[in-house]
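Take a look at the structures below.
In the two assemblies presented below, subunit A is common to both, partnered first by subunit B and then by subunit C.
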Partner chain A sequence: MIIDVEKLSYEYSPNSVFAYHALKEVTTSIKEGSFTAIIGATGSGKSTLVQHFNALVTPTGGSLVVDGKRISANEKVKELKPLRKKVGLVFQFPEYQLFEETILKDVMFGPLNFGATQIEAQDIAQESLNRVGLDSSFYERSPLELSGGQKRRVAIAGILALRPKILVLDEPTAGLDPEGSASMMALFQDLNKSKTTIVMITHDLNHVLNYATDVIMLDQGSVVFEGSKDDFFNETNLHEGYGLVKPPLLELRSYLKAKNITFDDHTLDLDKLARSIKEGQRHD
Partner chain B sequence: MSIIEIKNISFSYNNTDLALSNVSLSIPQGKYVTIVGHNGSGKSTIAKCIIGLLQTSQGEIIVDGLPLNLENVDEIRSKVGLVFQNPDNQFIGSTVRDDIAFGLENHRIDPKEMDGIIERFASAVGMSEYLNFEPTKLSGGQKQRVAIAGALSMAPQILILDEATSMLDPKGKAEVNDLVKQLHEQTNMTIISITHDIEEAYQSDVVYVMNEGQVLDYGHPHEVLAQEALLKSIKLDIPFALKFKYALKSVGIDVPQTTLEGMVEHL
Partner chain C sequence: MTNIALGRYIPTNSIIHRLDPRIKIVNMLLLMIAIFLPARFAGYGVIGIIAVSLVLLSRLKFGFILKSLKPVMLMLMFLLVINVFVLRTGYVVINLFGLLVYSDALFQTAYIVVRLLLMIMITTLLTATTKPLDLTLGIEDLLAPFKRFKVPAHEIAMMISIALRFIPTLIEESQRIMKAQASRGVDLSEGKINEKIVAILSLIVPLFVSSFQRAEELADAMEARGYSPTSIRTRYKQLKITMKDWISFALVCLILASVVTLAWFV
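Right after this comes the complex of A and B.
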């Protein structure tokens, strides 16, 4: 386990009239090398949970261990820098955080902060921009004149430039068009294949279906499901009533069931499902 | 009968590249029309031309029998309600009530009548209980519903939604899509929805497919969106129902192109 969360609680504005428990004794874990989706309705505690992963917020109760580093309640965390480098956190709409004059400088900002020399930072920045599909013609342009999807790529390159072991993404495809969204997801899948652990907050169960290996579902600050993607989709109707919308494949399954058609109701692959319908027809 | 007739319009933002190139389309009265296409295909530019926010370099636009020109532009705008993409950019009131009142005040509606109108449209979009809420207390889907209520309170004949659901989570998206569908069924208002969401287009009466400033194809979505090669060539998603049809075809089962539920009926 690369992240282990033990009875973690987090309370906003404790001891005040606004006190609010965003997380209540959450125990869960994230496997090294996994592509873990964190899902749940707005306000369920998803963003608060992932902000603990690089100690942007620290627990008010319980603890967590991130790649060997323990962070506990009521204990000041020392030497945060290595952790911040190890865990890259990409917020929602990260394109609003671009600020440098040129794209290259914007991506170099992180490595320079972590002590790289100008030349090292430039090399890393170029490699990261390359990784997100932006070639040298972009280096000297202003980040502000790009399209929304391109800006987001620059922002993500800025995080990749820290060469994080764990990449945490808060709804990375919100507001992108289908093509932009698909190529963004392909990038994360690619990073995952080259051993980066991916933790992704999403509302889109299609993304969970197509890309995730594991799922953690939160509801009102508590974990209500954790396990493999297959188990998640095959557990009965767990996604209903948690502010999530069924992917069309599950919609199809319920239509098929309603008509008493014989098919493999465990597969998440459309072609396999079609084949199983054909086989069912042969037996009838 | 067409409520909007667009004949051979062209438009350029920079005088070199055409954002719209000789586009003609006709929006039938009372229909739910979707316009699909990827970013930069010209679909939002059309909406801005219809209400005279952008001026076309050639061609003609006729809205409800009136040719769009300086003389008619105000009257045409009063017939068209618009809802944009970003829920936060178009919420101007300090509460839901104030936000819906904004348009009414601008139109000098008698303050005595205003409360009744606000309540009627807040209820039409299911936001009656939120009239005194501030925008920070609302979800994205709720804010978009308030934007729709504001547009409806002007009693438009045509409602244009410009990617109104693209920044919402799936639940917000479903809320707004259901509301639009319901409005269309109940009021027979003409709806033009500019969207990336191929599943939404699949449910409309007529779909126009745009690419590089031109209309590639239009017609009933079950026919237009059944062309896998066309959709792939312009990088649009394939509707799930079509994927299912092809998956069945590859194992030797033929079903007619219709809704997902309809295809299951044929198995």
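Right after this comes the complex of A and C.
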């Protein structure tokens, strides 16, 4: 387990009229190398939970261990920088964090903060920008003159440039068009294949179905499901309700079932589903 | 940052909360005048007792009021140091390693401290017991008579209410950006001067960009709903002055009068 959360609680503005328990004794874990989706309704505590992973927020109760580093309640965290470099956190609408004059400089900002030299930072920045699909013609342009989707790419490149071991994404595809969203997801899957652990907050069950390996579901500050993607979709009914939209593939499965067509009703892969329908018909 | 006490509304629904905002503003202004009258410590005693009882009536916590004082603490310390060096009248109180501290320096500082304490108590009372929107409605009404002299009362009130409305949004936004930049290795508490400047820039530039964007969007949204400051507008919330408002006004007048007499005769 690369992240282990033990009875973690977090309370906003404690001891005041505005006190609010965002997380209640959450115990969960994230496997090294996994692509873990964190889902749940708005206000369920997803964002608060992931902000603990690089100690932007520290628990008011309980503790967590991130890649060997323990963060406990009521204890000041020392040596934050190595942790922040290890866990790259991309906020929701990250395009609002751009501030440098040129795109290249903005992406270099992170590595420079973590002690890279100018030349090293420039190399990493160029590599990261290429990775998100922005070529050298973008390097010297101002980040403010880009389109929304391009800005988002620059912001994500800014985090990729830290070369994090764990990449945490808070709704990375919110507000992107379907094509932009698909290419963004392909990038994360690619990173996951090259050994980066990915933790992604999302409302889109279709993304969970297509890309995630594991699922953690929160509701009102507590974990209601934790396990593999297959178990989530096949063994529970949690994907129905909680304000979530059923993925088209599952809609198709229920439709086929209603029509009494024989097929492998546990597959989450469209091609396999198609093959199993063919096989089922051959048997009939 | 979420613990900023100055100017925050605390909903305890006390009798002070239910007073008319216009009367509350006028009352606050009168009490301010009373504070600035040279009525010595006797006058401050009177106002102090009133202020404390008002805080009790409003069911606010004293800790909350004291929290509002925090930002001015540094200024007061600075003032004390200057007074000790500059004011050299009265009798010598202490001899600090050759530095003579005179009584007037201490009195003068105590004066200012008490004044500030009372001022902050009373202004906090107003802002903590009045919803920001009611406050701006009150200001608009109070400025209405000056429309004859081309004072744009409605525009001023609208500007204030927009500004008040966006303070929490901007605080939230700056916290978000700070967190985002912290994830990129920015550390506001450590580092050399030039690193700190870059750190602050990384906060201010995005904040400005998004504020301008937000302002434009807000203007569009207001125009789309046909907002025009010059046309006559009706109000959803009608303010009404009742008996208890007049009583509170009379009491404040009485306090002012007694402080004036104190200033005159003492």
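Observations on the structure shown:
As a convention for this text, the second predicted complex is superposed on the first by the 280 of 284 C-alpha atoms of A that agree within 3 Å, B and C clash if a C-alpha of one lies under 4 Å from a C-alpha of the other, contacts with A are read in each partner's own complex, and residues count from 1 in each chain.
Heads up, the rule we're going with is that contacts are C-beta pairs under 8 Å (C-beta built on N, C-alpha and C of every residue); 3 or more make two chains touch, one makes a residue touch a chain.
Please read these numbers as outputs of a predicted model, since none were measured by experiment.
In the superposed model, A:281 lies in contact with subunit B only, and not with subunit C. By the touch criterion defined above, A:53 lies against neither subunit B nor subunit C after alignment on the C-alpha atoms of chain A. In the superposed model, A:245 makes contact with subunit B only, not with subunit C.
Applying the stated contact rule after C-alpha superposition, one finds that A:99 touches subunit C and leaves subunit B untouched. In the superposition on chain A, A:10 makes contact with neither subunit B nor subunit C. By the touch criterion defined above, A:255 reaches subunit B but does not reach subunit C.
When the two complexes are overlaid on their common chain A, residue A:144 makes contact with subunit C while staying clear of subunit B.
Touch criterion not met for A:233: it reaches neither subunit B nor subunit C.
Contact residues on subunit A toward subunit C in their complex (touch as defined above): 12-13, 17, 51, 54, 56, 80-81, 84-85, 88-91, 94, 96-99, 109-110, 113-114, 144, 158-159, 162. Residues 41-42, 147, 149, 174-175, 177-180, 203-205, 243-245, 248-249, 251-252, 255-256, 258-259, 261, 270-271, 273-275, 277-278, 281 of subunit A are the ones touching subunit B in the complex. Subunit B contributes residues 38-39, 139, 166-167, 169-171, 173-174, 196, 198-199, 235-237, 240-241, 243-244, 247-248, 250-253, 260-261, 264-265, 267 to its touches with subunit A in the complex. Across the complex, subunit C meets subunit A through its residues 2-3, 10-11, 173, 176-177, 179-187, 201-202, 205-206, 209-210.
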